[in-house]
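Chain IDs A, B, C, D, E and F follow the sequence of writing; residue 1 opens each chain.
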Amino acid sequence: MTAAHTPEQVWQTILAETVEAVENEPLLASFLHLSVLRHSSFDRVLAFHLSSKLASAVMDARTLYEMYHQALKTDTTIHDAAIADIIAYYERDPACDAYSLPLLYFKGYHAIQAHRINHHLWLQGRKTLAYFLQNRSSEVFGVDIHPAATFGKGIMIDHGTGIVIGETAVLGDDISMLHGVTLGGSGKESGDRHPKIGNGVMIGANASVLGNIRIHECAKIGAGSVVVNDVPARTTVVGVPAKEVGKLGSIPSQEMDQTLS
Amino acid sequence: MTAAHTPEQVWQTILAETVEAVENEPLLASFLHLSVLRHSSFDRVLAFHLSSKLASAVMDARTLYEMYHQALKTDTTIHDAAIADIIAYYERDPACDAYSLPLLYFKGYHAIQAHRINHHLWLQGRKTLAYFLQNRSSEVFGVDIHPAATFGKGIMIDHGTGIVIGETAVLGDDISMLHGVTLGGSGKESGDRHPKIGNGVMIGANASVLGNIRIHECAKIGAGSVVVNDVPARTTVVGVPAKEVGKLGSIPSQEMDQTLS
Amino acid sequence: MTAAHTPEQVWQTILAETVEAVENEPLLASFLHLSVLRHSSFDRVLAFHLSSKLASAVMDARTLYEMYHQALKTDTTIHDAAIADIIAYYERDPACDAYSLPLLYFKGYHAIQAHRINHHLWLQGRKTLAYFLQNRSSEVFGVDIHPAATFGKGIMIDHGTGIVIGETAVLGDDISMLHGVTLGGSGKESGDRHPKIGNGVMIGANASVLGNIRIHECAKIGAGSVVVNDVPARTTVVGVPAKEVGKLGSIPSQEMDQTLS
Amino acid sequence: MTAAHTPEQVWQTILAETVEAVENEPLLASFLHLSVLRHSSFDRVLAFHLSSKLASAVMDARTLYEMYHQALKTDTTIHDAAIADIIAYYERDPACDAYSLPLLYFKGYHAIQAHRINHHLWLQGRKTLAYFLQNRSSEVFGVDIHPAATFGKGIMIDHGTGIVIGETAVLGDDISMLHGVTLGGSGKESGDRHPKIGNGVMIGANASVLGNIRIHECAKIGAGSVVVNDVPARTTVVGVPAKEVGKLGSIPSQEMDQTLS
Amino acid sequence: MTAAHTPEQVWQTILAETVEAVENEPLLASFLHLSVLRHSSFDRVLAFHLSSKLASAVMDARTLYEMYHQALKTDTTIHDAAIADIIAYYERDPACDAYSLPLLYFKGYHAIQAHRINHHLWLQGRKTLAYFLQNRSSEVFGVDIHPAATFGKGIMIDHGTGIVIGETAVLGDDISMLHGVTLGGSGKESGDRHPKIGNGVMIGANASVLGNIRIHECAKIGAGSVVVNDVPARTTVVGVPAKEVGKLGSIPSQEMDQTLS
Amino acid sequence: MTAAHTPEQVWQTILAETVEAVENEPLLASFLHLSVLRHSSFDRVLAFHLSSKLASAVMDARTLYEMYHQALKTDTTIHDAAIADIIAYYERDPACDAYSLPLLYFKGYHAIQAHRINHHLWLQGRKTLAYFLQNRSSEVFGVDIHPAATFGKGIMIDHGTGIVIGETAVLGDDISMLHGVTLGGSGKESGDRHPKIGNGVMIGANASVLGNIRIHECAKIGAGSVVVNDVPARTTVVGVPAKEVGKLGSIPSQEMDQTLS
């Protein structure tokens, strides 16, 4: 596949990949028609697919689908960020060689997009609904993101299981994160108490970043580390508690280098 | 909301919060009527809600609902502990500003209550059923608690994903635990092989406490730490393996201070 | 129960345990008849049970059941490995005192078997289907195994939540692993980039093993450790990053000793 | 089977027949355990079975089950009539050689019992709920009985499809009716406008009885007939419109003689 | 309730009746919120309710809901006829004392509206979809209407079970029909072969009208009759085969007089 | 379409029609792939489609699918008759212009095939299962056929709602029947008590044929008639009770002429 750059290119490439998948895999033909091919836009596919995953005995799929689609129509920045995230997976994850893979099969991607819409609901004052949907995402994806958390675009959460991101966390653009990462609070007092993550940061598997601290741009946090203090830009930290172990000359969220240096 | 102290106050406050939620959020009205408002008691709501979450293609929701309700009628200490847990979330979790939130939307809370009933079944000799339900909790909540584990009351498990608690673990009262915590065994021999956690203890995200050791009252275990030895009362331990880093003058499960000191 | 050694002994013991469970637990009788007793072979039970767990609104249970059963008929090594895994759980997990427990109630076991079939599909060139099913396993079991990963037999994954195993990982025989273990990649380049795990290795809870490194036979990795370099045979490593802390005279995957030495 | 006469005998015979069916038919074992064997009373089985049949995407099975069971506890005459109806099927329908057959497999029987409970709800003033459930019975059983219609006991509706019984219809005891029978109204005015059917009456397939007329005891109405006038006791009427064709010396609802004389 | 005349009055009355029903019947509150109160228009309620009833394991409720809603937006005459039909039930059926009853609980009404949309699909050339949906209506409602049949407005089908209406049947306005009515064809040749029913006609229960014949305006066909010849205006026919038995001075579809004269 | 004569031609034509339908109707693509295109034989499609329609909350679709497929493999005469029936619909029903229509969308056809398999189960002594499935067919299709009834091949039941066929009924070949037809018993005594229907017979809508009588070959029974005596070959009977009205020179089940002569 040629690299896709615009939202329209990404959408057309996803359609072409799906047509090919239907031909190659009859067992998925019904799923792919239902979820992708019969829809007229990327937004409808995303809304439909998320509603398939998050509907339950007590929350009708039609209701969710309509609500997701409405949110995507109302706030078009969600669409743009959802496309930027797909490109991020395609460029950074060596196991991702098609644009349709994150959209259809990566629960980290699903959890981010469910959160983007949930954040939109939160800003509209629909807190109970946002809590309800946070709970479903946590059950289905194993990813627990408070609806108030602020996300930039071009974010990749790989695998996703065990991710926890708190209420006052702020994520910049072009961040990569592996499963098990915690962006947690500092204590029982409410108020601004969660990390601020700069552009280009990479956070390794099962790392915990705790409190209202700042991880400056292009920093890297090693797997399994626990970070309770600010981390300077272009710096690698490792350990429990984490200590600085090196400096970086490239963008770690792009490189995805998991070595502890 | 005024703070609620008695079980009846908690129940009435939950009802009042739910009536308000129905008015503010039409999308949830059907869920809230079905799951809360049409029921005559807290026990019925809890039994119904858990059965909604744990029913499956091979385990009928009606069967689960009846069984949960029967257990709550038979062993009323479950009800009292379930209320004490709600109060614990309300007092300790800054993102929890309503009594209905843990009951309806926090999977850590759901997993604790499912375990309380499961433990009751285990004590009645219904081991196969308890294994079946442990498995469902593990699938749905990502929380894996052996039905024989003993729990006190006033327990808060925040977020929950990845929690594992073994067969001979014993938890006291007023304990707080974040996601990813393991209270694990020491080897392949059966017998008493899991941790004993004292009152007031706080265990940070992704920490592992392994073997038949004792975490004395009001100790604090830092995020990501691995503990294989006893921890004295009012002491903070951190690291892999964990080492003592400080002493505490307050109750860590109440403070929820996640700093590593 | 007498220990079972051959596949036929395991299957007959599972049937006998299930008949006893039906008598003791009427609430499970319908599930046990549907899932076990009415089937004519271990393969049918496994295919049926996995399809119950992984079916969804967009993937019909009949379709999955047929496909799983077909795979088990085509590649009989899956059957043998699935039996060897049951024996591994029975021998190594002190909470597992019946052969039917892993088959019916342990999601780590379910995730391994779903992967074995997924790997078979991958080798047949059915990549899209394998991605689809990897995603479902990740949602339902919280276990994310790339379909290309190679598994030996006699593997036990305890609890399972949070497990991530990458595309070029290779696991030998008789390995034990706890929940939260990552066998992760080293960066954004494709190619051989994940760990090779030798026979008899034991990996503790939440440990991360990163990059194309070799964990030699009968090594032990402590809980919460992060390993980025080769580990010699019969050696224990601990910490973030992990360091050698001792040598072993027995097979750690059999002993399941979680102490950090 | 020996004939059963008391409600307890009927219940015990049903249990015995079901135990035998489980042994003979493994494919139904899960259904029979779920629906019959695990329940402690006839009422619970009836409530559970009706709720299985009438639940839908918009009406939870648990809600229906609880409501049906509550109604059976509140009004014990429904239980007695439900037993009398089973005996009626057993004695009059040559294709019914077991007491469990109407309870489990005859939709005419299901429709009568759903109506009995619906009538109870109607008398309690729960009209909307009664309309909702009438609609479900009409969809599932093809039997449309207004919740206000009054039924005696010992009633058999064979096959059932197409039955329509209006608001002010009154049925005595020991009546037999085949499919397609209409007990309809006379016009658009409200008020007493439907037939009154005496004890022992038999109404053949697809017959229509229209208006506030009286079918006196032990009368017989031939298949396909349309009756718009009173019918004397012990009289057979046939045709469109129906005319008297003979007199009867036995009880037609017991004899089930479908000849037109 | 005051009589409603305009579509907007009918819609507002339905909403008011539903609000009242929620207050009086908690068991239906979830259904009524989900199906009525949360929607912004009559069309959405109709589309949602029909999709609840006709969705199945092989046809997703979201897909149906979208398709029904789209059809109602595209062809607004369906909306007008659907309202006229509600008024017809309210005015002619003495058991219908609320405008919400046909919309929510009368399967005859549901079958008519499902047909109106099906006819729209047929005219758009979507024949396979129309056959699919005809089949579902026939299963769920017991009403089998060929998608090519032409319907006027103000049509009431009471009860509905067993109705069959063929491909070239044409129904005028203000027609009333009871259950079991057949408007059938004359033979195996295709072409115009079904009845034409004039305005104001009333057809009694289980009557069959067969062949390309004309039932002129305000004629009445008695229950159980079989009609194979034209029927003049304002005439009652009865019997098998049907013969003229009287003349009418009023509109029989309004009077609903079921006597055979 | 060219007329198909052999089973293989019918199957290939059905596949070709379905491929075309997928292209023309995206809304059905998922259904048609799931139910038809991904299967390797007519038998699998029939087994899958019937199991989709008859599965329920208490009877798993996988179980039914397997059982139906097994029956079709065991008794290949069912396959042949199922094909002959499709040809019968195609030739006799002017609304049926494709071979896939009866298979996919005509519930009369579905009811016949469900009965054919049910009869096979009955002959194998699986009476309880056969009653269970008769009940489901009666609920879903509105067609109630006793599993012991004997059917020839080339049978068409048009529309189907309200059909009732009793235990000792015997149907020859090439019979056509409309909805609402009853082949009923004569009384409460067991034994041979239902009609015997000769080859080529046509029975009109809502006609009742009652008792152990013989309808000789190529007879025709008018709509709405009630027949309680033998009918000679090539004779038309009409009325309640039915009387001879004419003689026939052609095969009425082929002509489908519904006039009463």
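Criterion: a contact is a pair of C-beta atoms (placed from the backbone, for glycine too) under 8 Å apart; a residue touches a chain by one contact, two chains touch by 3 or more.
None of these values were measured; they are calculated from a predicted model.
*Asks:* What's the call on chain A versus chain E, same or different interface residues, using the half cut on shared numbers?
*Replies:* Same: when the shared numbers are divided by all numbers used, the fraction is over half.
*Asks:* To test your reading of the model: what rotation angle superimposes chain D on chain E by C-alpha positions, in degrees to the nearest 5?
*Replies:* The two chains, chain D and chain E, differ by a rotation of 120 degrees.
*Asks:* When the centre of a chain is set as the mean of its C-alpha atoms, what distance in Å lies between chain B and chain F?
*Replies:* Chain centroid spacing, chain B to chain F, equals 57 Å.
*Asks:* CA centre of chain B versus CA centre of chain E: separation in Å?
*Replies:* Once rounded, the distance between the two centres reads 54 Å.
*Asks:* Measuring centre to centre with CA averages, how many angstrom lie between chain C and chain F?
*Replies:* Once rounded, the distance between the two centres reads 49 Å.
*Asks:* Which residues belonging to chain F are in contact with no fewer than two other chains?
*Replies:* Residues 27, 30-31, 34, 38, 57, 60-61, 63, 142, 161-162, 180, 206, 224-225, 240 of chain F touch two or more partner chains.
*Asks:* In the complex, go through chain C and note every residue touching chain F.
*Replies:* 34, 38, 48, 51, 60-63, 65
*Asks:* In their shared complex, at which residues does chain D touch chain C?
*Replies:* 26-27, 29-31, 33-34, 37-38
*Asks:* Write out the stretch or stretches of chain D touching chain E in their complex.
*Replies:* Result: residues 56-60, 63, 67, 126, 128-129, 131-132, 134-135, 138-139, 142, 144, 146, 161-162, 164, 166-167, 180, 182, 184-191, 193, 206-208, 210-211, 224-226, 228, 240-241 of chain D touch chain E.
*Asks:* Can you check the complex and tell me which residues of chain D touch chain F?
*Replies:* Counting only chain D, the residues touching chain F are 21, 24-25, 27-28, 30-31, 34-35, 52-53, 55, 61, 91-95, 101, 104-107, 140-142, 159-162, 178-180, 204-206, 222-225, 238-240, 254-260.
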